[in-house]
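Chains: A, B, C and D, in written order; residue numbering restarts at 1 for each.
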Amino acid sequence: MIQEYIHKVQYYETDKMGVTHHSNYIRFMEEARVDFMDQIGYGYDRMESEGVCSPVINIECDFKKSTTYADVIKVSVKVIEISQIRIKFEYVMRVEDEIVFRGTSSHCCLNKDGKIISLKREKPEVYELFLSFLETDEKL
Amino acid sequence: MIQEYIHKVQYYETDKMGVTHHSNYIRFMEEARVDFMDQIGYGYDRMESEGVCSPVINIECDFKKSTTYADVIKVSVKVIEISQIRIKFEYVMRVEDEIVFRGTSSHCCLNKDGKIISLKREKPEVYELFLSFLETDEKL
Amino acid sequence: MIQEYIHKVQYYETDKMGVTHHSNYIRFMEEARVDFMDQIGYGYDRMESEGVCSPVINIECDFKKSTTYADVIKVSVKVIEISQIRIKFEYVMRVEDEIVFRGTSSHCCLNKDGKIISLKREKPEVYELFLSFLETDEKL
Amino acid sequence: MIQEYIHKVQYYETDKMGVTHHSNYIRFMEEARVDFMDQIGYGYDRMESEGVCSPVINIECDFKKSTTYADVIKVSVKVIEISQIRIKFEYVMRVEDEIVFRGTSSHCCLNKDGKIISLKREKPEVYELFLSFLETDEKL
């Protein structure tokens, strides 16, 4: 059972409009994704030690409601698509049960030479692991 | 004639993969948008002095090619959609004429009380200004 | 009894040298200071609601040892000096009991008009609160 | 003749106090130092290609006056100390000729194995280069 990731908004993450600067949500997505991968047993440390890196190739964000300093953001992460060469995560962020942000990130996997690899073929056990966490992208 | 915006990648914008961290492109988009608005004569300073703020409501990013420290990124900005309550910008970033990033940001406008306003009705001269820079979203 | 503050280093906080970028320690200091003030019952929220802000006027940092992604940094905070118009905090950061960073920050207090105020005179209960946490600056 | 470095404060560098967040000055110091080293002909790229890295070991900052969005900060950089194993830079930042910040950073040099090296012995031409730019630390 995957635990939600918690991020408390820091003062330095706000801007002069008085709210969390929108660029920081991309960072909260990364924090939550890294935590998700730790929880399922394929942390970034292990991934990188296996010579794999997983750059972001696409991001989509809907900013629903502003947040600000000291807000406690709960982030839930799901795998919503997986193909041989691409994996897509969805993130829903809430403050006190109200959705403040919804976004997705898509990633490919590269080997040490920077070539795109097929997870399914070259890391089948990792592919199966992500597949076991796949959820269809039903709107919450 | 709108000038491209130039951002030279800083050391602190890289990550341990050796490349520009993807969250920074959201910031480069903001830098370029602010510069675009200065160039057309409706800078953030003027906007805020008129009691308008223009939060980001949606972002979409395609990361085409990594960049790194000292790369000189040229950002071109276009208005690609405008409605009564929403304006959408497109950003194309290049390093030495190769596209490294393409993204969009959508914005609404709020008054001092945080209510969404219709630019067309409440700031018609600003609406007309953006409209005069509207370009159809043909792929480059 | 003040609890140490914990910061787990995020991927986006590293740079292409493979280590935590040094500017981030200034942010960890802020995170820990804010947490300290929450713990003693004078959180930033209360401070700001009372119309006080407390800008940083000086910072000193000794970077003892690099840290990197996923390191768990424990930050201890102390009040080491307090005068009518100035308060100084010390921060010691450790990873697995090894000191990685030591720094200080000095702050004044401003009222709503941006004038420096004497905490002792204008917020005596806050002055007394900080004073009760004052520790001499003995080297650990 | 060394040119001043220019940094225009970005919106995302402000915080909810309405001013440039203090942690960003550390980044402006880096930007200006990197630019200084480019100007004297020993850019980070060359340094890193020679297998040298130059971590920050100490930073001291005096925040004199707040800055905010769209301020144009002019940064002047000087070498104020150099020894066999340590080099110290001073930074003075001005907005419209008023000093807003003064700081220093001290650096050592490491080889590929992460060992401290003596610049004077192992990179004498680089040592001489920095020495030729040494200025005594008279207060401006």
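Here is the rule we use: contacts are C-beta pairs under 8 Å (C-beta built on N, C-alpha and C of every residue); 3 or more make two chains touch, one makes a residue touch a chain.
What you are looking at is a predicted structure, and each value in this text was computed from that prediction instead of being measured.
Asks: Tally the contacting C-beta pairs at the A-B interface and at the A-C interface, and name the larger one.
Replies: A-B
Asks: Would you identify the chain whose Cα-based centre sits farthest away from the centre of chain A?
Replies: It is D.
Asks: CA centre of chain A versus CA centre of chain C: separation in Å?
Replies: About 30 Å, centre to centre.
Asks: Quick check: how many Å separate the C-alpha centres of chain B and chain C?
Replies: Here the centre of chain C sits 35 Å away from the centre of chain B.
Asks: Just curious, how far off is chain B from chain A if you go by their C-alpha centres, in Å?
Replies: Each chain's C-alpha centroid was found; their separation is 24 Å.
Asks: For chain A, write out the residues touching at least two other chains, lowest number first.
Replies: 11-12, 17, 19, 23, 27, 30, 69
Asks: Quick check on the complex: what are the chain D residues that touch chain B?
Replies: 10-12, 27, 30-31, 34, 43-45, 69-70
Asks: Quick one: in the complex, what on chain B touches chain A?
Replies: 17, 19, 22-24, 26-27, 30, 53, 55-63, 66
Asks: With touch defined as at the start, can you tell me which chain D residues reach chain A in the complex?
Replies: 11-12, 14-19, 21, 23, 68-69
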